[in-house]
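The two complexes that follow have chain A in common; it is paired with chain B in the first and with chain C in the second.
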Partner chain A sequence: MYKFILRRLIIILPALFLVSIVVFFTSEALPGDPSMQELMNRPDATIEEIMKIQERYNLDKPPLERYTLWLKGTLKGDLGKSYTFRTDVANLIKEKMFNTFFLGMTSLVIMFSIGIPLGVFSAKYEGSLFDRTVLGYNFFTLSVPSFVLGILMLYYFGYTLGWFPTSGSINPSVYDSGTQIQKLGSRIYHVILPAFTAGILSTTTIIQYLRNEIIKNKGKDYVKTARAKGQTENIIYNTHILRNSFLPISSVLGFYITGIFAGSVITETIFSYPGIGKFFLDAINLRDTPIVTGLVLFMSILTLMGSLISDILIVSVDPRVRID
Partner chain B sequence: MSKDRNVKVSIENLSTAFEIMGSHYKAVDDVTFDLYDGEMFAIVGESGCGKSALALSIMGLHDDSVKIEGSINYKEKDLNKMNKEERRKIRGFDFGMIFQEPLTALNPLVRVGEQIKEVLSIHTSLSDSEKNNKVLDLLDEVGIPNKEVVVKKYPHELSGGMRQRIVIAIALACDPDVIIADEPTTALDVTIQAQILKLIDNLRIKQNTSTILITHDLGVVAEVADRVAVMYAGQIVEMGTIDDIFDNPMHPYTISLLRSIPNSDNNNKKLYVIDGIVPSLQNIDRTGCRFSERIKGHDDSIHEENPQLREVEEGHFVRCTCYKEFDIEKSQEV
Partner chain C sequence: MIKNKRTFFYNFKEELKSHPLSMFAVILLISIIAFAFIYSLTVDMDALYKINPRGRNMPPMTDGYLLGTDKGGKDIFKLLVVGVRNSIMIALSVTTLSSLIGINLGVMAGYFGGKVDNITMRAVDFISLLPSFIFQIILIITIKNYTPAKFVLILVLFNWIGYVRMIRASTLGEGQKEYIMASKVLGTPNYKIIYKQLIPNLVPLISLRIILGLASSLTIETGLTYLGFGLPANTPSIGQLISSSREISTMQNYPWLWMPAVFVLLVMMLCINATGQTVNRALMAKQKA
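Showing the complex of A and B:
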């Protein structure tokens, strides 16, 4: 098992190298340049001033050299300086990352705690009114885009009812002088609306997967064998059928974890939640290339890690998948 | 020979009807037979003639939408009248079942030793170590070498023959009175088939288990069965001892089946093929002789209007009167 993980990690390295090339040169191709931004309000700027700014960001060097410099820095954890914030990109991302992670984990918990029971029970009572209601719910969550549900939630629970805050990740006064518990409470209070929006909309896949798998497994021969053994229906359902039905979910779980970060862009923007999703969008609008590059690289690493996590999960739950 | 033996299970007028588009169609239609102590009773017939439906009815493994009528008498009780819980306790304990496809019959995520142990946990109060020992004994009994290694294997790590031995061990775990083997060798290659068949037969002799062997392979039947029932379109058309069926077949269907076996003796002759197919469940003509459509070159008057299963010799039953006039050569010429 350890060998398998190690080997998978080693395979990731060349993939990462390729990703870094693509990421760097794609963002190079983006229009915009920091000197233009800094000197936007100064049409009278001299050529020397522009050159000075370009020199500061190594923009005067040829692309290959810039790539090598960037790669060296990245390997040391230095993603360069932001054009707009004038500080280290790594530090900027770190702050937002926690928020996004918190939002992602909460929506993951919501997704599983709604999705698993709905999937399990709709399959158990296949064809019943409950099952058909769940199918209707699935149809709804699949067709409603997150920005529509997000705005509705925001309007109804945030504005009309006023139950939840409509922006931010924590109450600023609590952030400055609250106890740990107060801070956690405020964070949860702020995360509920965006987490529900993201969580509810991602239940579709999990319900559909589970329901189909369970219905498929119900008719399998080994279930018949278990009945022929005289096993009770409850145990047949809860052990034999469910265990086999959760297999495909473990194979997508890793990608869900990636999806948290990548998919948070819209949710965070709607709820003005200061995570990396919203930050990413802002950085693109500001043409802040170092931030964009850093974040895309970070998400690429996450995608690779997500598939690694999925592989490890599959190997550990399905004895049929060989690792050597 | 059958008169002096005890009846273990007596099946009377058993019908199994499946629901298709709102109406019920009988896949097993009025089947009556006795299963004697320690005998190997074979049920043969083409695919779709109701063999497996019959097996599942005896085990009580059909789901609720299937309508089962008639009685299955075992130990002075009618299994068909029992509630689900009583029925469940009999399964695996008094009645064991061997399935056709040994790979899918085992849970892919559970070690085979655990799967055998499951039966013991359901029906016995043995301690864990006693159960483990019993599992090893069972593996011995079904002829598995390296049993200490095999108990920890997953189904996919074993060969087809080995898996079928595991399935047999599951069926045998609680020393059942009756074993129903539903095409136990169909999914295996020929050499393994013979081994598995021999194993089932030896275990039957050793433990005096009554065994119902369901198959479409007459070669298998000839090797191990004591008595044979030939089924066609849900009904038993002929039933008798192995000698009755193979040496003195009477019903046109039995004769045709036996003629369809490739045989090295009739080198230059074309292999006999029964014309037509088994009618599908909705299309069975429920009046008259069900096999009449597939008999060529004969007048329809040879059939009974309402064919009955009659004892024509001691212990040899044949349905319909058409057997008296049937001539296979005549049927083949047309």
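Showing the complex of A and C:
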């Protein structure tokens, strides 16, 4: 097991290195110049002033040297300074991270609390009206693009009915002078719409996996044995079948971590939710190269980690999977 | 010789006959696409883009505008029809190009194995490690002289890998079968085995993958255009109509600007996926037989 993880890590290191090169040079190609932003209101700026600013961001050096400087900084946790906010990129990302993480976790809870019961009961009562309704629901969630669901949710629940806030992650007045409980309440109130948008659409995978797995296990010999022993149906389901059917879901979890951040770009933009997805688009529109580079690297590392985690989970929950 | 009637297309027709809803979805999808392509021919693009300051944001069914007008006084119905055609064209080109690249590379990787397989699969692994949505946005911003054709190429860059994975896996299975072995023993050239025997036998699977690929390309295209990183502003598309909802006043007060596009996109996605499910059922029926 440890050998397997170690081997995967060794494969990931060169991949990470390649990714860093691709990330750096594609983001570098973004049109954008810090001197333009800093001297925006000063048409009389001299060449020397422009050169000075370029020097501060190492833009006067050749590309290869800039890359090594950036890589050295990154390894120390320093992602450079933002062109527009003029503070550390790493700190800016950290601030937004919490919101995205909170959104991701809430949608994860929603995904499991809807997906697991629907999957389990549709498989238990295979072919019933309930099962067919769940299959219809699944077909619908599979077809709806996330931004379409997001827009409709925002329009009906946000604007038309006015049940939920239409932007932000917390009420500003609560943020300034509210108790911890009020703050948490406000955060949950703001996260519900985006989290439901992301969560409902992810239930498809859970339901499909769980339903297929349970139906497959229902016909297995060990279930017949349990039934022959005179075990009650409830015990057969809850301890024998379910335990075996939950295994494959864990492999989905790794990919879900990646999905949280990739999908956050669209969800957070629709609901104007200040997380790293919306931050990424803002940085792109501001042509703030250091932020873009930092965020893309961060998301690439998460994608790598996601695939590593799901590989490890598949092997560790199911010893039958060959390690090589 | 006994003629085997249970081919894939026979099963597909049977599935359509026994599921009226699937039949309806397939017919609806074909009608939407046909209508969009034929009606677009009658739309005068210059007249469509002429700004009409007197007729801004008119609600549906006024002054002969079936779906009303947008904030520039443009006919939403015409924008929507041309937009559907453009979005379908983009999705079709992305899917065609990616599947052509993916099928060829996938079959070769699975058939030849060794070095060819290694190089292809490492490239596939590497691209799949990148967060594709984010990279697509960055490439769209950085590329010079941005055109719809370049947009298609950027989408293809991240789209072909899915086809390779699937085709390679099924080639590995199919390549072990006796008829391929027999052809090899008889000395049939590799290209003939690949294009005359392997690929024709994979057509049912490929068609399923292509239909699902069409749905995902349509989602990615409209999603990117919605965010403002898709088709250029002077090309009508579904995503662009929907993106007018990003202005709060439009979302609240003029839902007819974006609601029809949302509805058409939803209907098309449902139809495409229903077609995919029918193909899938036909595939399973063939395997059972």
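Simple rule for what comes next: the second predicted complex is superposed on the first by the 278 of 324 C-alpha atoms of A that agree within 3 Å, B and C clash if a C-alpha of one lies under 4 Å from a C-alpha of the other, contacts with A are read in each partner's own complex, and residues count from 1 in each chain.
One rule holds in what follows: a contact is a pair of C-beta atoms (placed from the backbone, for glycine too) under 8 Å apart; a residue touches a chain by one contact, two chains touch by 3 or more.
Not measured: the values here are computed from a predicted model.
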Simultaneous placement of chain C and chain B on chain A, clash or fit: fit
Partner chain(s) touched by A:Thr258 [first = chain B, second = chain C, both, neither]: second
Chain A: partner with more touched residues, chain B or chain C: C
Partner chain(s) touched by A:Val148 [first = chain B, second = chain C, both, neither]: second
Contacts of A:Thr232 with chain B and chain C, given as first, second, both or neither: first
First, second, both or neither for A:Asn244, with chain B first and chain C second: first
Superposition-derived minimum Cα distance between chain C and chain B (Å): 15
Common ground on chain A, meaning residues reached by chain C in one complex and by chain B in the other: none
Chain A - residues contacting chain B, complex: 220-222, 224-232, 240, 243-244, 247, 317-320
Residues on chain B engaged by chain A in the complex (per definition of touch): 59, 61, 88-93, 96-97, 99, 101, 104-109, 118-119, 122-123, 154, 156, 167, 170-171
Residue ranges of chain A in contact with chain C within the complex: 15, 18-19, 22, 26-27, 29-31, 139-140, 142-148, 151-152, 154-155, 159, 166, 258, 261-262, 265-266, 269, 280-281, 284, 292, 295-296, 299-300, 302-304, 307
Chain A-touching residues of chain C, taken from the complex the two chains share: 125-126, 128-135, 137-139, 141-142, 215, 219, 222-223, 226-227, 242, 245-246, 248, 251-252, 255, 258, 262, 265-266, 269-270, 272-274, 277
